[in-house]
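Two complexes follow with subunit A in common, the first pairing it with subunit B and the second with subunit C.
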Partner chain A sequence: MNPVLAIVAPFLAAFTIPLFFVFRKKWVGTAVILFGVLSALTALFVAAGGEAVTVMGGWQPEVGIALVVDSLTTAFLILASLGFSASLSAAAETFGYGPWRFYVLFFLSWAATNGIILTGDLFNLFVFFEIFSVAAYLVVAYPPRSWQAIEAGFKYLIFGTVGALFLLIGIAYAFMATGQLNMAILARVLPRAPEATLSVVIGCLVVGLFIKSGTVPGHFWLPDAHSSAQTPVSALLSGVFVKVSLYALIRLAFLLFGSADDRVFFVLLLFGTVTLCLGHLMAFQQEDIKRLLAYSTVAQVGTIVIAIGCASSGGVTAAVYHAFNHMAAKMGLFLVSGVLAEDRASRDIAQMGGLFRHRPLFVLAFCLFAASIAGIPPLNGFMSKWFLLVAAAERGALIPAAAVVAGTVLSAAYYLRPITAFFGPAETEPPHHRPHPVTGAIVALLALLCLVLALAPYIGPLKEGLLAVGRDTVNGARYIERVLR
Partner chain B sequence: MTDPISTTLTALAAVMTVPAALYGWNAARSRLYRLLPWLFLLFAWQAITAPNWLVFVVFLELSSLTLFFFVLSKDRETAFLYLYSQLAGGACLLLGTALAARGGALPAVGAVPPGLFPLFVIGLGFKAALPGLHFWLPPTHSKAPAEASALLSGYAVKMGVFGLMRLVEAPSPALMAAGVVMAALGALQAPLQRDAKRLLAYSTLSQLGFIVASVATGTEEGRKAALLLIVAHALAKGLLFLTAGSLEEAYDTRDLGRLGPAARDYPLLFGLFLVASLSLAGLPFTVGGLAKGAVKAALADHALTQAVLSAAGMGTTMALAKMASFGFLSSGQRKGTGRPRPLPPLAWLSMALFAAALVMASFAALKTAGAEVATKNVLVDSLLLIGAVILFVRLPRIFRPDRTTPDVADLLAPAGRMLTIPLSRLRRLHSGHLTFYLALFFGATLVVLYLLRP
Partner chain C sequence: MLPISYGTAIVVFCIGLYTILSKRNLFKTVIGLSLMEGGVLMLITSSGYVPGGVPALLPFAGGEPVNPLPHSFTLTAIVIGAADVALALAFIIKIHRRYGTVDIDKIRGLRG
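And then the complex of A and B:
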């Protein structure tokens, strides 16, 4: 299947949903569902189609925009499809189909995400990042009723713009130095640029992606955005949005930055470690359950950045594996805590007493996800942390590795606080009890996904796939050869 | 890996779990709780027979988790302390394993590269309660349900020691010093406690010191002696914790100052207590006595260690004398209310099983050791035992159960308070000032560019 369809399908949804609203209001719901299924299936088919390179319009790669499917793209396309589908289902249950504007933004961000993942062109990457970000700012502030959400969206906007600015400067310098924007060609010619230019280009791109992914000190927007957004959006932000920026970081790090020897990877290790420590320490002090989860996301972003900083195929494997694990567990955590916070009409952890009696299955799922994120053996979070530890040990990155294992103890400590509250006594009965069949089903599926991911190192094809992602991604020459063939 | 050590420990796990599971059968809150001891047994078996350190760590963590749920059923704060300490130990071990696995296969359970030895010792030290890392042990042992205390003290800490046994292949003076400190610390603290189970916990610390010192010799003889003491201590301490638990069950208190003449109400319980105590105190011809003799023989070249261990042995005896005196024989008025509650038959059965195992182990040990070894130090050992009892009787003021003793665990709360200062600084950084955020970010950008300079 032509990779461009994975971008076109959600775009089609985004552009036709308003038309449905104008002409056939009753069909909006059906259209949203059908387009959701269509978008997910197209992306999965593209992913299943195996490696492919398409240059748009039949031009040469120097001029046309290349879309590249390789193992890393495949992995992240699958991740994005799973995440977007889960979030869409939860959103349909939470919001209904009335707010069509939300779905327009939702599908726009989906299309842009697939675009970022598929594109082989640096400027095109920037464009998709902008579409993605603009949609994200608005989705975070949706519905625009609470001032916290609007403030969070505004903060995200400012930070996102600064990040985009740095990305743009980096890309502009790269273009000025080489006259090229295709990533495969850039990978060949960029090392010939003057050393100082190269440093600035790489510095700007790295810093821009730090903001987009929520790496310290570009993380300030993240806790606000995650905690103020509606539950399905928080899940999407944490599960997919930050991962997309990490995808870009992986791709650029090994394709373009690899030429700048170890300095880039040292920077990644350094900032990853700082991010990890800060995320855990801040999560430790939160009273708001969604802010706790948000800071935990910061810490997990740090973990993945450390994995990229290991600069080896093992490191990339660990990063991708951990990205999947974090997606499954953190989306689950956000969905569960959203439901529980709604029941209590409060996000304050101290108010969350007695919820185990109220919704035992949701709370048990929360425990599973939390144990998985914390890295309690033998769950999936533990497995990916082990992959990461081995990669870090081989790189000789002792301090990051120690920070990762210390994070286990800290995360156990802060996740036990809401869990203790859930199992504790309640002063009053939870005031609300709206049934959440769809969210419940998604949480169950995510829990199942966690268990499957825990077994991934023992399932031949999955293990082989994960290892292949690492091997192929690190081998930049292979990518270049395939695009320029 | 199968050798005498793993075979013995595998068997010991089963011998420990069955009575513990029976003891807790009636008290269990739900069926899931009845499952916990068996889960523990399963994980313990996997850990003991693990082919490499990674598998060992995973199952060690899982066994700790099952015990965490056990403790959780009775005291939440203690359970969390236990969980954090065990996770911290697991984290060190995991890091060490990853470093040892660098560029090759997973490291087999055994010696590790010299540079990683300290990391492994620290990791296992959390489990085996090496001095300083033992902060979790007294509260956990005293506040857990009795059957969990029996498993913790009898087996869980021994899994850490098992790791040390595999790890240490050459004499390690540092570890020996740690063992001596543990033995002395436990023996000093135990007789001063007023909580019966806390007293037993410190006695466990002291006995672990004997075992660790013996393992630290790095010789085959030392490991064998340690193994014998592990068995002796596990059975005796398992029985002691169950008797202490029964006292609590009957009188609703573990406070030695409040317990009354239990020997009159439950003569059989006192008999069981005596069986375990005498073995633990090292009465000649019991498995405890033989094991201590073997440990001292293994430490023949270390006169100072031997001397400290002998003194520590006297401390153990005094502690047990104190428990006997105040827990069972005190003539003072019992300050609890009502008559003692009858004990369930399963509790009697489980304690009888332990006692039977202890007696059988004594016979087996006697038979293997032979008459010559068994009678070698009878006089000295008996004198030490009697001396300790005389000291206890002559110095009643020291042992009065109305004082509390300081320990490392007391430092946890102030340390926690100290940590909140930098943490709140960190929180104040996230004040919501956008200008400050952006300034910080641009500063970091300069740092990145500086680090990337050609």
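And then the complex of A and C:
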């Protein structure tokens, strides 16, 4: 299947939903569901179609925009379609189909996400990043009544735009140094540029991607955006939006930076470790359950950046595997805590007493997800951290590995606080009880996904797939050869 | 000649970044964003300059044309930047309606 369809399908949804609203108001709900299914299936078909390179408009790769499907792309396309589908179902239950503008922005960000994942052109990457970001700022600020959400959206906008401008200036320098924008050609010619030029190009791109992905010191937008947004949006932010920037970091790190200068991986290890420690320590102090989860996301971003910094195929495998595990568990945590916070009409952990008797299944799912994120042995979070520790030990990066282990203990400690509250006595009965059948089903599916991912290293094809992602991504020469053939 | 234009672009970029980091007024923050964007766009546009070049337009009159590719990037980036600034200003209007101020120190909704 032509890879461009994975970008076109969500764009089609985004641009036709307003028409449905104008001409056939009753069909908006059906259209949203059908377009959601269509977009997810198209992305999955493109992912299942195997490796492919398409240059738009039939130009040569030097001139046209190349869309590249390889194993890393496949993994992230699957991650994005799972995350967006789960969030769309939860949003359809929470908001209903009245706010059609929200769905327009949702599908715009979906299309741009697929675009970032598929594109093989540096400037095109920037354009998709900006479509994605503008939609993301508005999705975070939804609904416009909520002041906190507006402020968080504004903060996200300032940080995101500064990050985007750093990306753009890095791309501009790369273009000025080589006259090329295709990533495969750049990977071939960029190492020949003078060393000072290389440092500036790589520095600008890394700073931009750090701000976009929420790595310290560009993380200030992340906790506010995650805690102020609506529940399905928080789940989406943590599950997919942060991962997309990390995808770009993986792709550029091994294609452009790695061949040019090995020191960049040391920088990634350093900042990953700082991010991990700061995220865990800040999460420890939070009273608001969604802020706790948000700082935990900061820490997991640090973990993935450390995995990239290992600069080996094992490290990339660990990064992708951990991205999947974090997506499954953190989306589940946000959805469950959204439901529980709505019952209590408060996000304060101290108010969360007695919720186990109130909603036993949701609380049990919370415990499973929390154990998975913290990395309790048989679960998926432990598996990916194990892969990461092996990769870090091979690299000789012992301090980051020790930080990951210490972080596991800390995160177990701070996840025990809400869990203790849930099982503790209640001062008052929870005032609200609205049934959440769809969110419940999604949470159950995510819990199942956690268990399947925990078994992934024992399931032959999945294990092979994960290892192939690492092998193919590190091997920049193979990517170059496939695009330029 | 060329290094002066590159240097100017970077100075403008840095002034924009400094504005964002140091000013407490939300409008000045957005002005800083615009300055940063302007700096990057100057850099891209000047990178296409060829000394004594002619515009790359058909019918081609002869002489060496300037590189038209950076100009198309600049146009794309201008559109994106306009969207960002418009959105930022819309957010500021909303925030002003709630707090009656655009001073970042007095907007305490998310601090702490």
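Everything that follows uses one rule, which is that the second predicted complex is superposed on the first by the 485 of 485 C-alpha atoms of A that agree within 3 Å, B and C clash if a C-alpha of one lies under 4 Å from a C-alpha of the other, contacts with A are read in each partner's own complex, and residues count from 1 in each chain.
Here, a residue touches a chain if its C-beta (ideal position, glycine included) is under 8 Å from a C-beta of that chain, and two chains touch if they have at least 3 such contacts.
Just so we're clear, the structure is a prediction, and the values are computed from it rather than from any experiment.
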item	value
Which superposed partner A:W110 touches (first subunit B, second subunit C, both, neither)	neither
First (subunit B), second (subunit C), both or neither touched by A:F241	neither
First, second, both or neither for A:L165, with subunit B first and subunit C second	second
Subunit B versus subunit C as contact partner of A:M176, first or second or both or neither	second
Subunit B versus subunit C as contact partner of A:F11, first or second or both or neither	neither
Subunit B versus subunit C as contact partner of A:F266, first or second or both or neither	first
Partner chain(s) touched by A:A196 [first = subunit B, second = subunit C, both, neither]	first
Subunit C versus subunit B, contacts on subunit A by residue	B
Contacts of A:A141 with subunit B and subunit C, given as first, second, both or neither	second
Partner chain in contact with A:K155 - subunit B first, subunit C second, else both or neither	both
Common interface residues of subunit A - those touching subunit B in one complex and subunit C in the other	155, 158, 162
Complex contacts: residues of subunit A adjacent to subunit B	155, 158-159, 162, 166, 195-196, 198-200, 202-203, 206-207, 210-211, 216-218, 220, 223, 260, 263-264, 266-267, 270-271, 278, 281-282, 284-285, 376-378, 382, 386, 389-390, 392-394, 398, 401-402, 405-406, 408-409, 412-413, 416, 420
List of subunit B residues in touch with subunit A within their complex	54, 57-58, 61-62, 65, 76, 80, 83-84, 87-88, 90-92, 94-95, 98-99, 101-103, 423-424, 426-427, 430, 434, 437-438, 440-441, 443-445, 448-449, 451-454
Subunit C residues within the subunit A interface of the complex	13, 17, 20, 26, 29, 33, 36-37, 39-40, 43-44, 47, 70, 73, 76-77, 80, 83-84, 87-88, 91-92, 94-95, 98, 107, 109-110
Subunit A residues within the subunit C interface of the complex	123, 126-127, 130, 134, 137-138, 141, 144, 147-148, 150-155, 157-158, 161-162, 164-165, 168-169, 172, 175-176, 224, 228
